[in-house]
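Take a look at the structures below.
Both of the next two complexes hold chain A, though its partner changes from chain B to chain C.
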Partner chain A sequence: MENFLNFFTVLTDPYLFLMVGVGTFAGVYIGAIPGLSVTMAVSILISFTFSWEVHPAIALMIGIYMGGVYGGSRTAILLNIPGAPSAIATAMDGYPMALKGKAGEAIGVTTVMSFLGGFIGIFVLAVAAPFISDFALKFQPRDYMFLAVLGILLVGSLSTGSLIKGIFAGALGLAIGSVGMDPLTFTPRLTFDLTFMKSGISFIAVMIGMFGVSEALLQLHQVGLPSIRQKIDRIIPSFGTVKKHLGLSMQTSTIGVIIGALPGTGGDIAALMAYDHAKRVTKNPEVPFGEGAIEGLVAPETANNAAVGGAFIPMMTLGIPGDAVTAIMIGALFIHGLNPGPMLMIEKPDMFWFIVGALVVANFFMLLFGLTGIKFFTKVVEMPRSVLIPLILLLSIVGSYAVNNSISDVYWMLGFGVFGYFMRHYGYPLGPVILGVILSRLLDDNWRRAIISEKEDLGRFFVGVFSSPLSTILLAAVILIFVSQTPLWAKMKSRLSSAKNRSHS
Partner chain B sequence: MKRIVLGAVAALTMATGAMAEGYPTKEIQGIIQWGAGGSTDTVMRSVTPHAEAVLGGTVVMQNMTGGVGAIALNYVADAEADGYTVLMGAENPLLYKVMGLGEKDYSDFIPVSILARGTAILVANVDAPFDDYAGMIAYINENPGELKLGATGPGGLPSVITAMMNTVEGELDVIAVPFDGDGPALTALQGGAIDVMPAVLGAAIEGIKAGNMKPLAVFDLEANQHLPEVPTIVSFNEGYADFLPWGPFFGVFVKQGTPDDVVASLQAAYHEGAQHEDFVALMDGRGFTLMNISGDEAQSFLTAWQQNTAWLLQDAGLTQASPEDFGIARPAE
Partner chain C sequence: MSQTEDKYDDHHDGRSDATPGGYANERRPGELIFTLFLVIVSAILLLEAYGISGLKKLSSPGVIPMATTGVMLVTGLIILFQTVRLPKVATETIAKDILPIVVIVFVAILAGFSFLLKPLGFVPSAFMFLVFSIKFLSRRNWAYVLGLSLLTLVGIWLIFRVVFSVLMPAGVFPEAELIQFFRTLFAGAE
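After this line comes the complex of A and B, so read on.
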């Protein structure tokens, strides 16, 4: 009980309270700028806060983390450029809303839903952390592989128009992700003996190019047209809207917490899976998906903010990072003389409650900063295109350079930008490319780990799968979704019914 | 953004203070070979503020990852040899040549300080059917090809420890399952995806204390003060004594050709900085052995480390090119 009181540390200490607030504010804007990532901000903060006490340092980092995950949605909605990988799915319905002049409404829904998802993540962290981390540890390489396959099947949901083109785009993404020195054996793959190819292609550079530069190039077609006036009278969604989507947001938050808690998967995959889930369970959306469906905003935004709480679960209970940001925070705790690991919760339970408290405060600040300043943001899209397009290009260049301080990333980014432009021009969806790049390593590494562990014997592999309930369920889900999503299902159905008819006649 | 601003400031001071004498007259760039939050990062970020105090200058640290650290190494090697670009690295570059990862290694650099050394430990899943190293060897012999041993790719700590075991015990019939690093591998160990993992003591110590993994043996000549009850590997097999002490290490380097007085001030700064009680306590807490050596002592440490490890890997058939091709002599028997 005494330790639980640390939950209120942030609320009672004005300095810490301020730190969380400053962090969240900075996070929203860092997240909104493509290329400036939370991971980067937190790693810079490590050296910046070195001489500080541990509490303000962690408070600031948590603020940035919470704000940053949310901030990615801003540019996704307003410019069709996801500020962070976890906002890729948000752009798919958020941008169409902005095109209809409903950017204010889209941002409002996104903010409230992020807040809700964030809370569910924190709640699960607070009450069920040891339980969830035990569950997360049960995931074997083969289970991660099945998860990745489930992810690949999202191609269907992310492809607007031709499925074949979507599959091509997804396969391209998988290929891009495998370029470079193979991390398991250090064998060069698809490097053509070129030194600069050895370190692989930066995923962020691909994302910024494909979404940012290609969008700027596409908008050049309409450079003379007046920009869309945005209505910003109705920002905060009505209680009815929130209530209507409560059921969905609970489901997608659950997806977010679990995917976030798994070491090796984070908010980006969670958001995409949640989007797919929403598409499958929403029978009659008011507006079709891809054209500005509210459900298409609710799902990814609840999931990626719920994943924040999720990522802290293995970090606090086992000292295992749930994602890249928590990995850096573990380093920060070390530097400040704590020993993150399974003993942290036992030796320093006050730290656990302090972090939970800081997350709650950060979540409230996110709501506050999210709902204010919308007017300023919507002005961005109302700018003339001749100003906006160079601005997007500038941000894309700065962003892709900043990731690794490497000029070759800028070239990759520009190359993929031009390539993405032509892909869009010929109706190839870009979402599956990014999906492929994100999942490439997860799929490749874990498939190899799984099969190597079974002496490269498929028989043994399947014995392993069927002796574990978790693997069996995941495999069943893969098969079910595959069959229901492909034309195979429709064909089988019609063949079955026609066969029935024939036997009748 | 901050870096860009700092870079601009540095460029300005360089332009105005070209005739300044003494060192340092501007910010020193510290290039860390590994990512934020990792072991190398933690070590460098905790020692450098103390060194800065002695030096009376600022060291701006930056993580430059990729290519097993080769990108950072090449960056510093391409910079001016003026002591304003410092490499903060780990042991990996000494194996670049034999592993085919690059043409440069620490022989292109002058060691400012070898700060600390890690110790390897063999840990097992709590449900493993053995409790010590001898039990593990017996299990492998009774169940050939069944034990899953974690790995992190050729040149990593697990590959060196595995090569040692194969040299001392004869070829062990195990399945090596590769992971991205010891963190993910130790996670997998706790989930039962692998049975045994050779890891650096600092990464495993918290898990061992909590009873989430079983220590089998410490790869050192003497028991570790943090885990005094864990037997040393030499207590099971004397044959390991030839290769020990061995461990990953962390060091600060400048490019060959850096003026002697600059090297001397850096060496003095890091030597004193590494004695600061905060740093000593941190190293101790993470299970690292403080070394704090420089000059000839550091040079001979590096040479011996490279000879031993490169030839160990060569004999285990894990290298891309023979150490001989690079003039790395076989260690004297």
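After this line comes the complex of A and C, so read on.
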């Protein structure tokens, strides 16, 4: 109970309260400005806040996270350009609404629904995480290993892209993470006998390169994109509209929390899945989907904000990030000497309740900033890309240099930026790379612990796996993801669906 | 999803992991070379990983690097075989859709910036970077470019020095002297 009181830390400390507010405000704009993403902002920010105390740094990041996931919807509605990946589905019906002169209503519904979804996510986090972390104490090293692999695989399998490219990206991340001196035996690994490789590759350099520089380089393709202005009228939605879609919003929030809580997958995937769900369950929409259906706004916006709370669940309880942003936050906690995982919940439960409190405050700030300041907003978003892109690049260089005061980090960052640029062009997801870098150590340690405890015997290892229901389920899930990509599965699926169709007709 | 993609994303640039770039059934210009590059890098890394500790024990430090680089090589080869068989995208060229001049120029400017960062110091090199890149992208007159660059630089410098207390290489710019000058100025005023 006394730990729960830390929930109010943010409310009682004006400085932290301010940090969440500033973060959320900045987040709404970062999310909204096409070319600035939350992942990018948080990865650059981590290098600037590492000399701070842990609480204000986390408070700022949480604000940016919450605000940013929401902010993308604004530009999706007004300009048909999703400001953030999580708003891709929002553009599908938001922009048609704006074209019909209902931009204000669209923004209002989006804001209220994001708030609602955000709360459901936080609520589930607050209720479920303590139980999961109790349960997590029983996890064997091999379970952590499977979870890490599962997280890396999930991004590739739930997105529209190719799983095999996702697996490559994840393996690459794991390999990058193992460069340097092995912490247990002090053997140099993947260093090619080069001195500057011995200290390893800074994960911040990888992150900023992948999410900052590569994104900015992509934006260079669209420097001259014209901006369109929309008329904005009434913003605050009527109670009737909210009430009418409450049922759907509960379902899509649930989807959001679950996708968020699955390791690796975050708001962007949750929003797309929720949109598909809404399309399936809404039998008679007033306006067809794709032409400005309110359901098409409710679903992705509740889901992506619900995924925020969800993403913290595996991060706080297992030390396995729920999405790319929480992956970066794990990095931030590491830098501040904290080690996310079940022990964190036991040793520092105050940290958990502080994060929950900060999320709640950020959610309220989001509602506040969402329903106000639209005029100012349209001005900021029209910031020309010819200034924005150099700014992002400058921040990326400053950020990658600042962590270790090392120029070689800057070169790594640029290298990964260019590499990530090509990866994006050719359909390789970047999330698994970051997840791999962050989880590399966890995977390696747990594999060695698991195999040493089984006396280096693979047979005994698998006997151990199959004698534990949890390990069996996790291993089965990993295998299922692989099988789901083989031609065999596609054949089975088409046979099943054709059987279904026949029975329907 | 495809309908929005058509509307705003005609470059298939992979803005998000939920909708990665590329095409499922076609090969983009340069994709084959990139895949080949990935396969070669994976093979070199696997060789290096084998050199860590060989195959002596399942718990030796080289096992996970060997496993991950091995997965890279295998998946890389599968992707290579898949890519080879795909037809090329007819409407795209490297110069227009993958690596336009503007991107090459920017990578060069960035490399130059990071190279000069240490010897020249943050303030002059960042100013040069901003002027070059904003001029290059906006094509506005010099007064606009210089003014905007200066404003941006002062903003960034203040935020980093004051809010985040980040130390950047001082180089030839008398940064410390400048701060000291203002300190004495304000101290004198009190």
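FYI, the second predicted complex is superposed on the first by the 270 of 505 C-alpha atoms of A that agree within 3 Å, B and C clash if a C-alpha of one lies under 4 Å from a C-alpha of the other, contacts with A are read in each partner's own complex, and residues count from 1 in each chain.
Everything that follows uses one rule, which is that a contact is a pair of C-beta atoms (placed from the backbone, for glycine too) under 8 Å apart; a residue touches a chain by one contact, two chains touch by 3 or more.
These numbers come from a predicted model, not from an experiment.
Enquirer: Who does A:168 touch here: chain B (first), chain C (second), both, or neither?
Expert: Only chain C is touched by A:168; chain B is not.
Enquirer: If you stack the two complexes on chain A, which partner ends up touching A:141: first (chain B), second (chain C), both, or neither?
Expert: first
Enquirer: According to the stated criteria, A:49 is in contact with first (chain B), second (chain C), both, or neither; which is it?
Expert: Second partner only, chain C.
Enquirer: First (chain B), second (chain C), both or neither: which does A:327 touch?
Expert: In the superposed model, A:327 contacts chain B only, not chain C.
Enquirer: Between chain C and chain B, which one touches more residues of chain A when both complexes sit on the common chain A?
Expert: C
Enquirer: One more residue to check, A:426. First (chain B), second (chain C), both or neither?
Expert: A:426 sits against chain C, while chain B stays out of touch.
Enquirer: With the two complexes superposed on chain A, say which partner A:184 touches: chain B (first), chain C (second), both, or neither.
Expert: In the superposition, A:184 contacts both chain B and chain C.
Enquirer: Quick one: is A:402 in contact with chain B, with chain C, with both, or with neither? Answer first, second, both or neither.
Expert: both
Enquirer: One more residue to check, A:444. First (chain B), second (chain C), both or neither?
Expert: In the superposed model, A:444 contacts chain C only, not chain B.
Enquirer: Tell me the contact category for A:157 with respect to chain B and chain C: first, second, both or neither.
Expert: So A:157 meets neither chain B nor chain C here.
Enquirer: Does any part of chain A touch chain B in one structure and chain C in the other, and if so which residues?
Expert: 51, 184-185, 402, 405, 448, 452
Enquirer: Under the touch definition given earlier, write down the residues of chain B that touch chain A in their complex.
Expert: Within the complex, chain B touches chain A at residues 1-3, 35-38, 41-42, 45-46, 49, 61-68, 71, 99, 101, 145, 148, 153-155, 175-180, 183-184, 187-188, 190-194, 205-207, 209-210, 212, 281-282, 285-286.
Enquirer: What part of chain C is in contact with chain A in the complex they form?
Expert: 1, 3-4, 7-8, 11-24, 28, 30-31, 34-35, 38, 45, 48-49, 52-53, 57-65, 68-69, 71-72, 75-76, 78-79, 82, 98, 100, 102-103, 106-107, 110-111, 113-114, 117-118, 122, 126, 129-130, 133-134, 137-138, 148, 152, 156, 160, 164-169
Enquirer: Spell out the part of chain A that touches chain C in their complex, as residue ranges.
Expert: The contact residues of chain A facing chain C are 48-49, 51, 80-82, 85-86, 88-89, 91-92, 155, 159-162, 164-165, 167-168, 171-172, 174-175, 178, 182, 184-185, 187-190, 192, 213, 215, 217-218, 220-223, 268-269, 271-272, 290, 324, 384-387, 389-391, 393-395, 397-398, 401-402, 405, 407, 410-411, 414, 417-418, 421-432, 436, 440, 443-444, 447-448, 451-452, 456, 458.
Enquirer: Applying the document's contact rule, which stretches of chain A touch chain B when the two form their complex?
Expert: 36, 42-44, 46-47, 50-51, 137-141, 181, 183-186, 198-199, 263-264, 314, 318-321, 327-332, 334-335, 337, 339-344, 346, 402, 404-405, 445, 448-449, 452-453, 455
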